[in-house]
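Starting off with a structure, shown below.
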Amino acid sequence: MMPHWLDNFLFTYQSLVYSLGVNALLALAMYVVLAVGQLALGQAAFMGVGAYASALLTVKLGAPFPIALLASMAAPALLAFVIGAPTLRLSGVYLAIATIGLGEVLRILYLNWDFAGGALGLNGIPEKAGFVWIFGTLIVALVAFVFVSRSRIGRAMEAIRADEAAAGVMGVNLPAYKLAALVASAAIAGLAGAFNAHVSSFIGPNDYGFDQAVTILSFALLGGVGSPFGPVLGALVLTALPEVLRPLHDYRLVIDGLIIVCVVIFLPTGILPWRIGRIGARK
Amino acid sequence: MLVRRQFNLLAAAGLGALAFAGPSAVTLARAADPVTIGAVEILTGPNNKYGIAIKNGFDLALDEVNKAGGVLGRPLAIAYEDSAGNKDQAINAVRKLIGAQNVPLILGPTLSNEMFAAGPVANERKVPIVGTSTTANGITAMGPYVFRTSLPEADVVPVTLKTAQQKFGIKKVAVMYANDDAFSKSGYDVMKAALEKLGIETLTTETFGTKDSDFSAQMTKVKSVNPDAIVVSALVEPAAGVLLAKKALGIPASVHVIGGNGLNSPKIGEIAGDAADGTIVGSPWFIGKQDPTNQKFVAAYKAKYGSDPDQFSAQAYDTLFIVAEAIKAAGAPDSEKIKDALIKVKHTGVLGPFSFTPNRDPADTSGVAVLEMKAGKFGLLQ
Amino acid sequence: MLAQQLLNGILSGAVYALFALGFTLMFGVLGVINLTYGFYFSTGAFIALYATHYLHMPIWAALPFAAAVTGLIAIVIDELLLGPLRRAKAPELSSLMVTLGATLLLYSLMTAWFTTDIRRFPPAVFDGGAFEIAGLRITLSQILIVATTALIVGALALLLQKTRLGLAVRALAENPDAAQLMGVNAGGIVRLVSFISGALGGAAGVLIGLNYNAIQPYMGEAMMLKGFAVIIVGGLGDIRGAVIAGLVLGLLESVTAGYIASSMKDAVGFLLLVLTLWFRPVGLFGRVAAKRA
Amino acid sequence: MSATLLSVEDLTVRFGGLTALSGVTFCVAKGAVHGLIGPNGAGKTTAFNLISGMTAQTSGSVTLEGAKLDGLPTWKRTARGMARTFQNIRMFREMTALENVMAGAHLRTPESFGSILFRLGSFRAAERSAVANAMDILDFVGLSEQAERRGGDLAYGDQRRLEIARALASDPKLLMLDEPAAGMNPSEKIGLIDLIARLRARGLTLLLVEHDMHFVMKLCDRITVLNFGAKIAEGAPAEVRANPTVIEAYLGAKVARSLETRA
C-alpha cells in the first residue's frame, strides 16, 4: 500500500507530469521540421487531428486504445502528406502562416461538425493513456531521434538546415526530406494529441489554434535545436513554469514572456546549445 | 502547534510532498485553525472578469460567515487557485487543492469547459465540486460529487421566451449565437428547443465568433427577414457588439433582443450604451430585487468593491452560505459527509429559495426574473 | 439587402486595410513579421481613451496624439527587441520568436494594469449618429474610418513614391546592404518606419475601438489572424495590395454571411490565404515580396 | 580528340528583363581541365548555377555523358556524377570537417531507414566505411589533422579545400570549382595548383571558374571566355591570351573599373 502522502503527491502532480510528457512529444514534433530548416507551425493542428481521430474512435465507436493511437498517427500523417506537396514550395514566414491557416481552417471545421460535438467538443473520453504510454513513447522517440541524428539521414537534415541549396548539390533529395519531416512531425503531434485527449477526458475545437502552435514553437526555440534533447528540455521548463510561477498571479505570463524574449536575445541557440554529433559508428 | 502551522504554510506554498496532513490530522487541529475549502476561478487572462466577480462574491460572504462565528467553531477560509480560463490549468488546480491542500470541497471552476475537464478529477477522488457559474447541459451528469448552484440555461431560457411571447405577441424570430464556445452553443441548443416548444418560428439562424467585433453582415441579414424579436446566445462582449450593430443598422427598438445568461450582466449596458435598451433576459437574480437580503448584499458589495455586483457575484455569494451550512450539518470537514449534507441544504439567499434536485442541480426556478434593460440598467420587465 | 451587404463589406474591408497597412509596411521594410503589431493597435486605443477621459481632448486631437505616442513606443520596442537581433544578423525565426515572447509580456502587463474589462469612449467624445441614404445606413464613425483609411493610403503613397525619404525607404526594402552602401541612414529609416507603422497601428486601434465601441487589451490579438490573411493576399510589404486585399476580404465575408452561411464567414479569409499561397505566393501584386521569399 | 563529358548548348537565362546568359555553347572533354573566365558580371557563376541545376534556364540544354539534364533538380544531377563548390564558401558551419565530407558522400552511404533505427550490422558497416572513406579524402586534400574541428572554425584556405573534399566525396565524374583560389595567399595557391593536378591525375574532369589569369593559364587545357553573358572566345590558353576581343574585354573592364574608383 502506498503511503498516504505519496498518493496525494502523485495525485496532485499527475496531470502536470502527463503534460510534461505530452509537451515533450510536441516539442519533438516541432524539432523534426526545424531540423530541416522548415518553419512549419502545423503541430497544433496535427495534434488536434490526432486528438479528434482517437477520441471519436474510443468515445463514439468504442474502438480499442491501440487502434485509436494508430489512427491518431495515421490521420494527421495523411493530412500532412496531402498538403505537403504544395506547402513545401513555400519558405520562411509564408510556410509559417500557411500552416497557421491550416489550424484555423480545421478549427472552423470542428465547430461546424456536429458528430464531433461542435463547439461543445467531446466529453467523457476514457482515461486510457497513462504514465507508461506517454513516457514510454517519449523515450522510444528520443532514442529514435538520436539514432537518426547519428546517421546519413541526420547529416543530410543538418545540411539542409545549414544551407538548403548546398545540401541539394550534395545529392540530398530536398522535397523528399522535407515531406518526410512534415509527415513524421504530424504523426508525433497526432500521437501527443491522442495522449492528451485520453488523460484530460475532454477536448474542444479551440484547443489547437494559434496559441497552441506558438506554445509548441517556443518549447523548441527555448531549448535549442542542436539536439533533440533541447526541445524536450524547453518543453519541460515551459510546462513547469506556470505551476512554479503560480504565486505571481497576474504577473506570471509577464515573466513567461520575459523569459522567451531574454533567451532569444541572449541565448540564441537555446538553453541547451549542445549539438549532437552526426556519426553513428567509427571503428 | 507551531510546527503544525509551519506545515500548513509549506503545504499552502505548494510543496505537495510535505502535505501529509490527512483528514485524521485535521481533527486534531486547534479551534483557531480555519476550515479551508478550495476555489478554482479565472483570476488572470482574457476572461478574468468572471472569475473576479465570483471571487468578490465569495469573499463578501466569507466575511459574513466568519463574523457570525464561522463553521464548526472554526473560521472558514478559501484557498484560491487560478485556472486562467485554461482547462489544463483548471485540472492542475483541482488536483493541487485536493492532493496538496486536502480541501474537503471545491468551488468552481468558472467556465463549463473547465468543469468538463476538472469535474471528473474531483469526482474520481470523491471530493464535492460545486460550480456557481456553469450553465451548460450535462455538467452534473459527470458524477455524484459534481454539483452546481447556477440554474442551467435549460431552466431559465424557456421562462424568458415564454414571458416575452406573452408580453409582446412574438411569432417569428431571428436567432444569433456564437458558434465557437461551449457556453453560447449550449445556450443556443436550449433556445432552439424552447422556441420549437412555444411554436415560435425561426426565420434565420446566424452565427459569429466570440472574438468578433463586426456583426454588420449578420445583422443586415437579420434585418432583411423582419423578425418580431432577435434571440441571442453569446458572452457579454460579442453580445454588446450585436446590440451596437442592431442600432447602427437602424433596427427599431421595438424589435427586442432576447438573450441568454451571457447577456445578463450590467456590462452589456456599460459597453453598448443606449443600444442595449430593450434587451430582455431571464435571470436567477437581479440587482433591483426588493427583498432586504438582496438590498443588504448589494449595499455591502458596493461598499467593499465600489461597483455593482452581477449575477456571478450573487450566485457565488449564495453558494458560499449553502456550502457553509452543509459543512455545519456535516459536523466535520469531511468530503463524504459534506456531500451527503449538501444535497439536503435548504437556503434562502439573494437568489430566493434554494435547494438541490436529486441530480444536484438547483431545484427551484421560482426565483427566475425576466428583466428588461432601460437606460443602462436591468429592471423587472413591466 | 445586397447593397447594404456590399457597403458592410467595404466598411469592414476598410477596417482590415487600415489594420494591415502598418503591419505590411513593417514587414516590407524591416523584413520581420512583427507580432507586437497587435499590441500597438490596443495601445493606441487605450491612449486615446485616456486622452479623452482624463485630458478631455476632443477625438480629432486624441487620434493623432495616440498615433504619435504609439509610434514612439514602437520605436522603443523595436530598438529593444529587434535591434540586437539585426546587429547580430539573426535568422528570421529569432525575430518571430522574440516578438512572440514580447507579445505575451506586453499583453499580460496591459491586462494586469487595465484588467480585461471592456471600455468605451465617453459618449460625449463622438456622436454615433447614423445616416440613411437611399435605404443604406452608414454611421459617422464608419465614414471616419473610410475617410481616414483613404487619407492615410494617399499620404503613404505620396511619402513612398514622391519624396527622397520614400526613395530611401524603398531602397532599404529592396536591398538593405546596397542601400547602406549608397549612404542611406539605415538606423534612421528603421526608426522612421517603426514610428510610422506603430502610429498606423495605433490610429487603427482608435478608429476601430470607436466604431465597435469596445476597447480592451486583447482587441489587437483578435485582429492578427485576419491581418495575416490580408498582408499575405496583398503581398508582404505591399501597401496597395494590403488595401485591395482588405477590401476584397471584407466584401467576400459580407457576401458569404449574407448569402451562404455566417458560420462560413471566418473560413473565407483562410481560404483566400490558402489559394494565394498555392497559386501566387508573392501576393496579388507582390514584387518586393518576391525577392524576399 | 577524346570523348565529350559535358556539353552546354545555347544556354540562355533571363531574370525579368535582364539577360544574364545568352546562347552560350561549349563542351568539356573527358579528363580535361576546362576554364571558364571573363570579367566581373560576365555570367560565369550563372553558368555554373544553370549547369548544376540551382537555377532553371530559359532555353538551351545541358548534357552529361550524352544524357540531357534539363529540368532535373540539383540532387539528381549530383547522382549523375556532377559536383561543385561555391564562390562564397557554403560550408555546413556547425558540422565538423569530417561530418561535412560525410554529408557530401550522402549518395554513396548505403544506410536504410530501418538499419539506422535498429542499428543493424549493415548500418554499422556502412558508417565505418563512410568514416574511412571521408578520412581518406581529407587526407588527400591535406586536412586529416583538422577532421574533428568545426567547419566554420577552419582557416579560409582550409575551408576552400574542405569544400573541394566535400564535393569529391560524392565521387563525381565532373568537378566544378567556382573561384577556388579566391582569397588565398600565394603559398595556399601553390598548394591548390598541386591539388588540382593530383585530382586530374585521378582521372577527374574539371570545370573551373577563376579570376587569377596566371592560375588559369597554367592549369587549363582549354578555356571558354564569357563577356556580358555571351561567349566571346574559346581555345587553348595561348590562343585565348592572344585573342584581341578577349584583351579588349578585359582591358575595357579594367578601364571602366579604374574610372569607377576615381569617381
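The chains carry the letters A, B, C and D, assigned in the order they are written, with residues numbered from 1 in each.
The rule we apply is simple: a residue touches a chain if its C-beta (ideal position, glycine included) is under 8 Å from a C-beta of that chain, and two chains touch if they have at least 3 such contacts.
Note that the structure is a prediction, hence the values are computed from the model and not measured.
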**Item:** Neighbouring chains common to subunit B and subunit D, by label
**Value:** A
**Item:** Minimum number of chain-to-chain touching steps separating subunit B from subunit C
**Value:** 1
**Message:** On a CA-centroid basis, which chain has its centre farthest from subunit C's?
**Reply:** D
**Message:** Can you tell me which chain is nearest the middle of the complex, judged by mean CA position?
**Reply:** A
**Prompt:** In angstrom, rounded to a whole number, how far apart do the mean CA points of subunit A and subunit B lie?
**Reply:** 35
**Message:** Measuring centre to centre with CA averages, how many angstrom lie between subunit A and subunit C?
**Reply:** 31
**Request:** List the centre-to-centre spacing of subunit C and subunit D in whole Å, with centres computed as mean CA coordinates.
**Result:** 47
**Message:** Can you work out the whole-Å distance between the CA centroids of subunit A and subunit D?
**Reply:** 41
**Residues of subunit C touching at least two other chains** = 108, 111, 263, 266
**Prompt:** subunit B: which residues touch two or more other chains?
**Reply:** 44-45, 179
**Asked** Could you list each pair of chains that touch, in label order?
**Response** A-B, A-C, A-D, B-C
**Asked** Any idea which subunit D residues touch subunit A in the complex?
**Response** 52-54, 73-75, 78-79, 83-84, 86, 90-96, 98-99, 102-104, 106-107, 109, 111, 113, 116-117, 119, 123-124, 126-128, 130-131, 166, 170
**Message:** With touch defined as at the start, can you tell me which subunit C residues reach subunit B in the complex?
**Reply:** 1, 4-5, 8-9, 11-12, 15, 108, 111, 115-118, 120, 123, 128, 130, 132, 137, 139, 142, 208, 212-214, 216, 218-219, 222, 253-254, 256-258, 261-263, 265-266
**Item:** subunit A residues touching subunit C - in the complex, by the definition given at the top
**Value:** 34, 39, 86-87, 89-94, 96-98, 100-101, 104-105, 108, 111-112, 210, 214, 217-218, 221, 250-254, 256-261, 263-265, 268
**Prompt:** Which bits of subunit A are touching subunit B when the two form their complex?
**Reply:** 3-5, 8-16, 19, 107, 111-112, 118-121, 123-124, 200-202, 204-207, 242-243, 246-247, 249-250, 252-253
**Request:** Quick one: which bits of subunit B touch subunit C in the complex? Just the residue numbers, please.
**Result:** 44-49, 52, 179, 206-209, 211-214, 216-218, 220-221, 223-224, 236-237, 240-241, 244, 247-250, 267, 270-273
